[in-house]
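Each chain carries a letter (A, B, C and D) given by its place in the written order, and its residues are counted from 1.
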Amino acid sequence: MTVGIEYYVLLSLALFCIGLFGVLTRRNALMFLMSVELMLNAANINLIAFAFYHGNLTGQVFALFTMALAAAEVAVGLGIILVLYRNFRDVDVTVPSEMRW
Amino acid sequence: MIDAFTLPEWAALAPPLLLALTALVLFAYDSINPRSTNRPVLAGVAVVGALASLVTAVWFTLAGTGADGPDAGYDLWFVVGDSVTGTGAIDLFGGQLVVDQMALFFMIVVAVVTALVAVASYDYMAGHAYQAEYYSLLLLAATGMSTMAAANSLVTIFIALELASLPSYALVAILKDNRGSVEAGLKYFLIGALSSAIFVYGISLVYGATGHLQLEAIAEMIATGEADAYSGLLGLGIVMLIGGFAFKTASVPFHFWAPEAYEGAPAPIAAFLSSASKAAGFVILFRVFTTAFPLETTTAVIGLDWTIAFIILAIVTMTVGNFAAATQQNVKRMLAYSSVGHAGYALIGLAALTVDGGELVLGAAMMHLLVYGFMNTGAFLFVGLAEYWGVGRTFDAYNGLAARAPVACAALAVFMFSLAGIPPFGGFWSKYFLFTGALEAASANSALLLVAAALVVNSALSLYYYSRLVKAVWINDADPSLDRDFGGTPTGLYAAILFAAVMTVVLLPAFGPVADLAIDAASAVLVS
Amino acid sequence: METAFELAPAIVLLPLAAFVVALLFGNYMPKKGALAGIVATAGSLLLSLYVMAAVATGGQHQETYFTWAAGDAVSETGVPTIEFTFGTLLDPLSALMLVIVSLIAFLVHVFSLGYMNDEGETGLPRYYAELGLFTFSMLAFVIADNLLMAFMFFELVGLCSYLLIGFWFRTESAPSAAKKAFLVTRFGDYFFLLGVVAIGATFGTLAFQGDGSFVAAAGEAIDNGETLFGFGAETWVTITGLLVLGGVIGKSAQFPLHTWLPDAMEGPTTVSALIHAATMVAAGVYLVARMFGYYALSPTALGIIAFVGGFTALFAATMGVVKDDIKQVLAYSTISQYGYMMLGLGVGGYVAGVFHLMNHAFFKALLFLGAGAVIVLMHHEQDMWKMGGLKDKAPIVYYTFLAGALALAGIVPFSGFWSKDEILFDAIIVGLNEPIFLAAYAMGLLAVFFTGFYTFRMVFLTFHGEPRSDAARDPHPVSWNIKFPLLTLGVLALVAGIANLAPVYKLTGLEITYLEFWLDGQYGGYADLTYSAYGDTVPFGTDYIGSETITLLIAAGLGLGLAVGGAVFAMVLYNVPEPEPHTENLGSARTVLRSNYYQDEYQVWLAENLTLPLARAADRFDQTVIDGVVNGVSSVSLFGSGRMKRLQTGVVTNYAALLIVGFIVLLVVLGVLGGWFV
Amino acid sequence: MNDWIAIGALALVGLLIPLAMMAVSYLLRPSVPETSKRATYESGEVPTGGTRIRFNIQYYMVALLFVVFDIETVLLFPWAVIYTDALAEYGLFYALGPMLLFVAILALGLAWAWRNGAVQWAKSPQQVGTEGNRP
């Protein structure tokens, strides 16, 4: 028994939208980061599902790369959040708004 | 030609490989000798690496590597593969990477900007604690950008793009105790993470529609009609890809990070991002849309000519960038917005493509990015010089700088007028070609008349704020109550600024060959 | 032979190198950059001679070096593309001119050692750099193979002229004279530029030579009876030709744009010799000769050239009669002599015009350098009434100056006689056929008398009689670097006439009209740029009084007689120990002449009463209407800018939201356009 | 009979049982509020300070290193899967070389992090001293 590809796409789309919602509403930098991770994972679901569907491994391998890059991104992001905290005493992303217009 | 020394084909990747190697050397140096502040050695290694990359890229270009046609290259001492015979683009690793004229062209741009930035950083970053980290991050980012020029598959594109982005985030925020720098880094990073998520999702959709990630394979699937069933997925995927590229090139609506990141970042990094990073963003944009989504077949599948997307983006980007720049009081921020505006100009290169032509306008966009690499880097480095002297950030603070630094201010005038597209400088020609290219394509699609009109209006507006800066430094008198304490004359910054200025001027007489090269490169990717 | 042509760019580039060297390192070099200039111009001279030899042995050369713009613009005659290039055209005319220019430039550089270095001037690197730049531009103008390149270097020589006239920029008069020179010649050049654009737009080419030249295209258009821009082809050729002539009149100081040249004497005398006598002023005449095939197509244009020339020759000569400043006399004589060349070219006497151009370059450079030597002798005194008696104190200067004067006055056998005689002969034979040209001839002829008079007035006042000032009693010595150029040019002034002894040929049948053969391409050259090719095109017939020989003798006799008459008259009046000005005898004419026929006054009046009100009106229009619109646009833009930048709120979450909104809008727009939702 | 029904039923049961147990215990248990009961449980120790204390920065350093290195392992798997085939087809150099290079680069990164004190828990006084001089 197989599940139709459209369900995977719907699942990933839902996940993507949840991530997007998090990005737009969360003010905590870590939550922002997690939401972005959700979006990336939505893409991973797509990639793996389509790899299965198309019968080639390209998507799966690419999903691995995406995960690795997501990890690297988190590493850099955490670093930036650390200095953010050191400078602003907060991890609220809306606090630093000195530069505008 | 017989006596040429032939290198294996993978050696065509020497420009990015040299950059990567230099980054690793710097890392190794810092591991052995942690927290070294031996600036001459570190900056020297970085500059040498960037120059080596530049020299190899120029060399390959001259030798005809990746070019087509039997008389593509000159007889040089060593060549890659049998490229002298003009066998066309070199495919590497099963088509994951490709080295052709366009790749080499942008490798040159990236390497030049990297070298300039590394030279300028010698003075600008003096006294900063993380010297080795700074330079190795710079070179890693440059590696990513250089690889982007050669990336020929959505996998390599994404990896290269992230390799360019991640060090950039860190570089923007590298002034750890400077709130502006940290704020800039945070905003850049958050928008970047969001954009790359959208981008990856776009990739997954394109993969879903075609089952491939390699660009030529995607094009083939589209051409053979096997993607017809997934036109919705493909269309959405393409728009999401555009989003990812728009982030990298600082195009509206993904440009929001740019003004802040450029304003808050150290000036050399702002120069680096706004020139090299933008150019690298454009090269993959050009490659993806010319190689993977050929206009004719893609239109048949998704029912929409994708140039429309770029027409909209080009107009909006130009307008937002230039209008927002017009009333800035902060020089660096003005340059940041102008950089957004210039992304709009370069987008014309894709907006004005037509089914049976467009190499002129695509070539013009490439030329514009090359010229921009010099003039914009120079302008930001001038801001770096001003920051080095601590003269303040606003236009008013720049008043009368020419009395103190006439040479640098003359260079600044060159940059500004070239950015505005005033005839005697390099910026004029590329803009002129973009304009004529847009008009030519207007016969096929009258919306391009609008683009051409927007180009003219925005250029006129840009002259206003560029000349404002020139007026400030040359004509206005410094506030006499201000007792400025200038430091010495920073040799590195000066050298970089002057070199950029000379190149901006020299590119005018040299424009013939540059234009030929760019148009050759453009027609090569359009044909394939 | 090919080597010579391959080396031709070096002729031009050597002085450019000298310019750079003098500019950058002049201060650190012995002689402040003079040596670089001397070496470069000597190299140019040698290479020019080499090129001349190559042309003499049957060569000609045209090569495009650099195409700096090419476009697909359809011209009026249907040529689909146009290219703007830099290239060289080496033919008899340009080879000859190259030698003249580089020779005089070389001699002037040498002379400058005496005139500038030894006199302790400051700013010498600037001086030599500007001389180098001038020489470069002039040579490039000479070898230009197309009209646009010619125009560009035409402008560049104008710039150098401006810089060099204003060399002593701390004085009051020099900058003013420089500005005047620049503005007046620019006024002419404005028409020249219009002409270049018109010719380019009409024929789609700006090349001087070949089947693809605008000359050939114009000939074809006239033959085919085409209509160009609503005019008949010939009328249009006349119009464009006259537009280009505007530049010629400005540069060669022809009436009514001659007023700048006397003022230009504010520059160093060496500069006057090089630029305002021998070479740059010749650029106008050279340009007419260069595109003579084009003018030959239009009898109207030729007639206008002839009349402008004839009138200027007489007009300037009369003014030269009353001047007291030695350089002023020479300046007016220069204007007058260029009038002769224009007259010669205007009546179809291509060889005569070029011949006089060559001779004049030699003897007028000689006279100016001689005047420079006199000025050195006189401790920088230029008023002839304070000189006198220099003959015995400085014999070399005197005799060389005398040779130049005899050549200028046109006394046989000095070079000036032969060329002036040929011009007048060409004018009279055309005039006999078409009587209207007799008027031009008459003016030219009358000017001969005045020329003889003022020339010898100058010689006698300067060198003869008793010294009239302390400086004249005790002149400053001059050294070899002043004498050497004078001697060289003195010899040339004496013998250059040999180049084209046309009267001798016509009287005896001896084939010694070498210059005519030379310009006729009998040694080498392009068939479409030869004297005989032009002769076929020139629309004038000729007639003789009796036979050719009789006409020749009459013309020569008249010319020589008047010249000698003028000289003798001058001798009677001024070759006395204590000469009197005698100008009172002229009555009210004296005032008019002293005031240069009120030329400056009326031009100033025109500027103040015509141009200025117009400019005011335009300014008012600009201030109110245009600026109103512009200011409106800019306020709207700036307001829009103020709104636009508010988008950037500084809060990153808003950015993310706007980004997503923007993305969705894009998606929706594309979806609607692409029909994804139906 | 659809297979999905079984899965759905399992999920339903899985949810119901814990919910039911919580509901039952809520109904049955006596409610005796007391301070020590509400206190945070720390293995019997008396809690000190709030829960939201700042951790030592080194936690993050090690965590970051871990994240990166952990994830990079993932990239070893596809390589390991095809290693034998690749060995047969391309030879040792091309099969093993790239991965060695990859690991070498990672090792260089680790060495750098190590040398720069990323895995150092405490600083010697001397290090603290030099640290102070840095901007």
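The rule we apply is simple: contacts are C-beta pairs under 8 Å (C-beta built on N, C-alpha and C of every residue); 3 or more make two chains touch, one makes a residue touch a chain.
Just so it is clear, the model here is predicted, and its values are computed rather than measured.
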item: Interface ranked first by C-beta contact pairs; value: A-B
item: Approximate Å spacing (C-alpha centroids) for the pair chain B, chain C; value: 49
item: Centroid distance [mean C-alpha coordinates] between chain D and chain A, Å; value: 17
item: Computed distance of Cα centres, chain D from chain B, in Å; value: 38
item: CA centroid of chain A to CA centroid of chain C, Å; value: 75
item: Touching two or more other chains - residues of chain B; value: 177, 186-187, 190, 194, 198, 259-260
item: For chain C, residues contacting two or more additional chains; value: 645, 648, 650, 652, 656
item: Chain D, residues touching no fewer than two other chains; value: none
item: Which pairs of chains touch, using the document's own definition; value: A-B, A-C, A-D, B-C, B-D
item: Touching residues on chain B, where the partner in the complex is chain D; value: 24, 27-28, 30-32, 34-35, 127-129, 177
item: Chain D to chain B touching residues, read off their complex; value: 105, 108-109, 111-112, 114-117, 134-135
item: Of all residues in chain C, those that touch chain B in their complex; value: 66-68, 634, 637-638, 640-642, 644-645, 647-648, 650, 652, 655-656, 658-659, 661-663, 665-667, 669-671, 673-676
item: In the complex, chain B residues that touch chain C; value: 186-187, 190-191, 194-195, 198, 231-232, 235-236, 239, 242-243, 252-254, 256-257, 259-260, 302-304, 308-309, 312-313, 319-320, 323-328, 337, 461, 464, 509, 512
item: Of chain C, residues touching chain A in the complex; value: 645-646, 648-653, 656-657, 660
